[in-house]
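I have placed the structure first, in the form of structure tokens, so that the comments after it can refer back to it.
Letters A, B, C and D name the chains as they come in the text, with residue numbers starting at 1 for each one.
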Amino acid sequence: MANSKYAYVRNFELPDPLLPGTFLVFRLDGHSFHRFSDAHEFAKPNDVRALQLMDHAARDTMELYPDIVLAFGDFLLKKSTSIYNRRQSKIVSTLTSQFTSSYVFYWPRYFPNTPLQYPPSFDGRIVLYPTEKVVTDYFAWRQADTHINNLYNTTFWALVQQGGQTPAEAHATLRGTFSKDKNEILFSRFNINYNTIDSRFRKGSILVREEVDDDVLPLDVKIQASGEHVPQHSGSPSRAKSPRSGAIDAPGTSVPAPVLVSSDP
Amino acid sequence: MANSKYAYVRNFELPDPLLPGTFLVFRLDGHSFHRFSDAHEFAKPNDVRALQLMDHAARDTMELYPDIVLAFGDFLLKKSTSIYNRRQSKIVSTLTSQFTSSYVFYWPRYFPNTPLQYPPSFDGRIVLYPTEKVVTDYFAWRQADTHINNLYNTTFWALVQQGGQTPAEAHATLRGTFSKDKNEILFSRFNINYNTIDSRFRKGSILVREEVDDDVLPLDVKIQASGEHVPQHSGSPSRAKSPRSGAIDAPGTSVPAPVLVSSDP
Amino acid sequence: MANSKYAYVRNFELPDPLLPGTFLVFRLDGHSFHRFSDAHEFAKPNDVRALQLMDHAARDTMELYPDIVLAFGDFLLKKSTSIYNRRQSKIVSTLTSQFTSSYVFYWPRYFPNTPLQYPPSFDGRIVLYPTEKVVTDYFAWRQADTHINNLYNTTFWALVQQGGQTPAEAHATLRGTFSKDKNEILFSRFNINYNTIDSRFRKGSILVREEVDDDVLPLDVKIQASGEHVPQHSGSPSRAKSPRSGAIDAPGTSVPAPVLVSSDP
Amino acid sequence: MANSKYAYVRNFELPDPLLPGTFLVFRLDGHSFHRFSDAHEFAKPNDVRALQLMDHAARDTMELYPDIVLAFGDFLLKKSTSIYNRRQSKIVSTLTSQFTSSYVFYWPRYFPNTPLQYPPSFDGRIVLYPTEKVVTDYFAWRQADTHINNLYNTTFWALVQQGGQTPAEAHATLRGTFSKDKNEILFSRFNINYNTIDSRFRKGSILVREEVDDDVLPLDVKIQASGEHVPQHSGSPSRAKSPRSGAIDAPGTSVPAPVLVSSDP
């Protein structure tokens, strides 16, 4: 065969299996999203449409990959997963690609009057966590981070949008402040009670697969997050007709739909 | 800080640098593209629109990442590249994401009457090649593969579309045949001279960055490939206005546009 | 500095940290030990001197590396260990080297009349286990293996040494037999009650560090192994004078001596 | 089989192949050799016996592993080597173990009146270099380092041993000095012409395998090193009788003996 004298090049492909019996956290970040949000005039401090689009892409990815049991910005795959034989590059590239594809595909649904100006990209990586405790601490860390960032951003943009400060002045105002100081600024200057802000913003959205499995963390009781409780996807007629949904709903695969859960009343 | 007791979870993120001084080949594959091509009724054996869209996404990715010096289905990054400090997951996920995003974004331009039915995905991986010789052999291997596959597919679909054979019959006809047999079938039964078929199909498209650099392979003389010779991108007005193109064209970055080259007269 | 133009070669040294929070099992194998045991006329099926030398080298290694909590052929390091910053090559090469060095160094003590004919070597590797359950299963697997091998070897050598069979005949006699068959052969033909054989041979020797630590497996109740119960090392005057033992016994390092434990009365 | 329910633990052993087509440099360091050299009263600045023992252990290792083509403190394996299928841990632990074993085994030959007080250990690691140029630069870097260190040590110990300075004073004397200053101190104060010192000390010993192979660097012309030119090993009767040497000298394996080469007249 003409091809055979070159076939040795395949030997340079090395295996990259991830350690079995460990939880996989797939971390995802937008590439240059500061510029992207400016170019598309995202509302500040939070753009509901952009968050809903993110949730949609996350739900889409979760539906296609049943071993993802939780999404909270990042994705948690159950420790017993044998997806793609736990090959690292295959998993990280496929999940990043799927999320990206869904994000671009569903953009017009959430931004009907804002055409996408250029193709956005994301990057991903996988971190292994050996025990439930560390995974839980990981998501607690991420959630504390969400809280800290959102309180900062909310106060910052109140100072700019309603207080008339320049961004530089607003940063200066906030320098060295604690959470209680920011709460006080919001309340006394702008009559905003931070605790009444939509928990989607304060705590982030979490998607949890509805299933009972001793391989899965009882995360719904451990992680306090927020969002709508409606499993929007399963009622989505356009998806129900798509070839992939059909495949997934086929007998034998039985993938419970992920749902948005909220810890708030 | 509330966050600090959880910060230890960051210790689980391990470094994944790629060996310096080696060529990076970024390999890219479509996920379930057999189904995808059926769902969108791609022409057989080759769909020009689909190939042009692939070329566009590849050119887009190449423009954004100047260290990519060649694209031929897969992408070659020069061996001195320090992109993302050569972190494997970062590179593989970002490039896969960018290609995917461009593919979905530009779909309507190439398939104006065929709406995308669902978000397609790709997977990527990186293979390191230590020397010019192995890289050249790698692309020679890929190109020989392209030739073998295209000759098979061209003959197969001629038997089905023009010869009235079922797919099973066509596979049976081709079993055990050599290249000269397939050429003979094409010529004697269907009056097709394989050598006059568009070289884009026979040899694949190659994008080579126009630059002179001793770190870069003189691949134009080593790899025989095909495509249009027009640097379409630089004349594309819609891209010229995009924020990213602007950034790339800014003084100081100086990224020569990749061009499609052809080895045919 | 004359050296600086070459200093870039250090960039080729890549990090190789092991995942935190996982148990390290350091596996050790003799290199060509079949030949080695022939060359030094080890007694069959078990040579007490050779086993004692192995135990001595293991105890030596354990004394020097306090994070080793158990040795049973292989070595278990506690999951919180930060030895050499968990750098894989450093750990695997150092432990293999130390064991090898002790083995050669103490050879004359156990083989006073058999000079070592050439320097023997070993190879090592590290396997990560994320949970106590998997570690325990690992050692259970190893111990079951020890039992199976020893019963086979004991019966094989009885057939050869006392039964007058050739090795080929002995293998043929044992083909397809179960444990009860081998026990029956030993008892009926050679009047050997396998259960009364020294448990060191039947179950292997295990060294467990005497300490209480919630990071450490309660392996003494989980793994059934055998050996002498005397903490020989701490009474060893020659070691007590060695520089290293001195260092280890220095205030602040507090390394409890490993002891041989036995599950037998 | 009793063992089968535990056999899953083998899945935790992950492959660790090294990239093909790259040179392997096996780096080796003594563990706590400052203390070791004090405990055995090594001569300063260089102990000929200790260096000869090192050379012997290196030559031994090189004889047993024909793919080692050069030893200069570290070991170079040819880029086409398929030793142990290029498994990293296997290679690094085996080579470290062999060197260690030979070092302890041959100690009495070089230190007949100085009993080894405790088993010394070494650690190793492997660095991949993709091209001849980088490998050559690596060894140039190592050799420059040897020169710098030896000049410093020679001057330091002259100041202490012949000049009556304390170690602290000697370090202070040398602070900020260049090579020519140290040469001057040696010559003017102690009448030592540094260039006439044994090149073994000034440049280090290098062992190069005598073979012609296009896979191997023409290192003899590129690296300037020093040592005796006598292939001591092949004349060593005790080795010639050893089982391993016998195996290596067997027809078909044809392993040329490494020799010490010198660039000095």
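Here, a residue touches a chain if its C-beta (ideal position, glycine included) is under 8 Å from a C-beta of that chain, and two chains touch if they have at least 3 such contacts.
Please read these numbers as outputs of a predicted model, since none were measured by experiment.
K.L.:
Taking mean CA positions as centres, which chain lies farthest from chain B?
P.N.:
Following the centroid criterion, the farthest chain would be C.
K.L.:
As a multiple of 5 degrees, what angle does the CA superposition of chain A onto its copy chain B give?
P.N.:
When the C-alpha atoms are superposed, chain A turns by 180 degrees onto chain B.
K.L.:
Hey, how far is the Cα centre of chain A from the one of chain B, in Å?
P.N.:
Result: the chain centres lie 29 Å from each other.
K.L.:
Measuring from the mean C-alpha position of chain A to the mean C-alpha position of chain D, what distance in angstrom results?
P.N.:
One centre to the other, that is 52 Å.
K.L.:
Counting only Cα atoms for the centres, state how far chain B is from chain D in Å.
P.N.:
Centre-to-centre distance between chain B and chain D: 47 Å.
K.L.:
Where in chain D do residues touch two or more other chains at once?
P.N.:
In chain D, 12, 14, 19, 21, 128-129, 134 touch at least two other chains.
K.L.:
Using the touch rule from the top, collect the residues of chain C that touch chain D in their complex.
P.N.:
Interface residues on chain C, with respect to chain D: 2-3, 6-9, 12-14, 31, 35, 39, 60, 88-90, 92-94, 96-98, 100-106, 116-129, 134, 137-138, 140-141, 144-145, 147-148, 242-244.
K.L.:
Please give the residue numbers of chain D that touch chain A in the complex, ascending.
P.N.:
Residue list for chain D touching chain A: 11-12, 14-15, 17, 19-21.
K.L.:
Which bits of chain B are touching chain D when the two form their complex?
P.N.:
Per the stated touch rule, the residues are 19, 21-22, 79, 128-131, 134.
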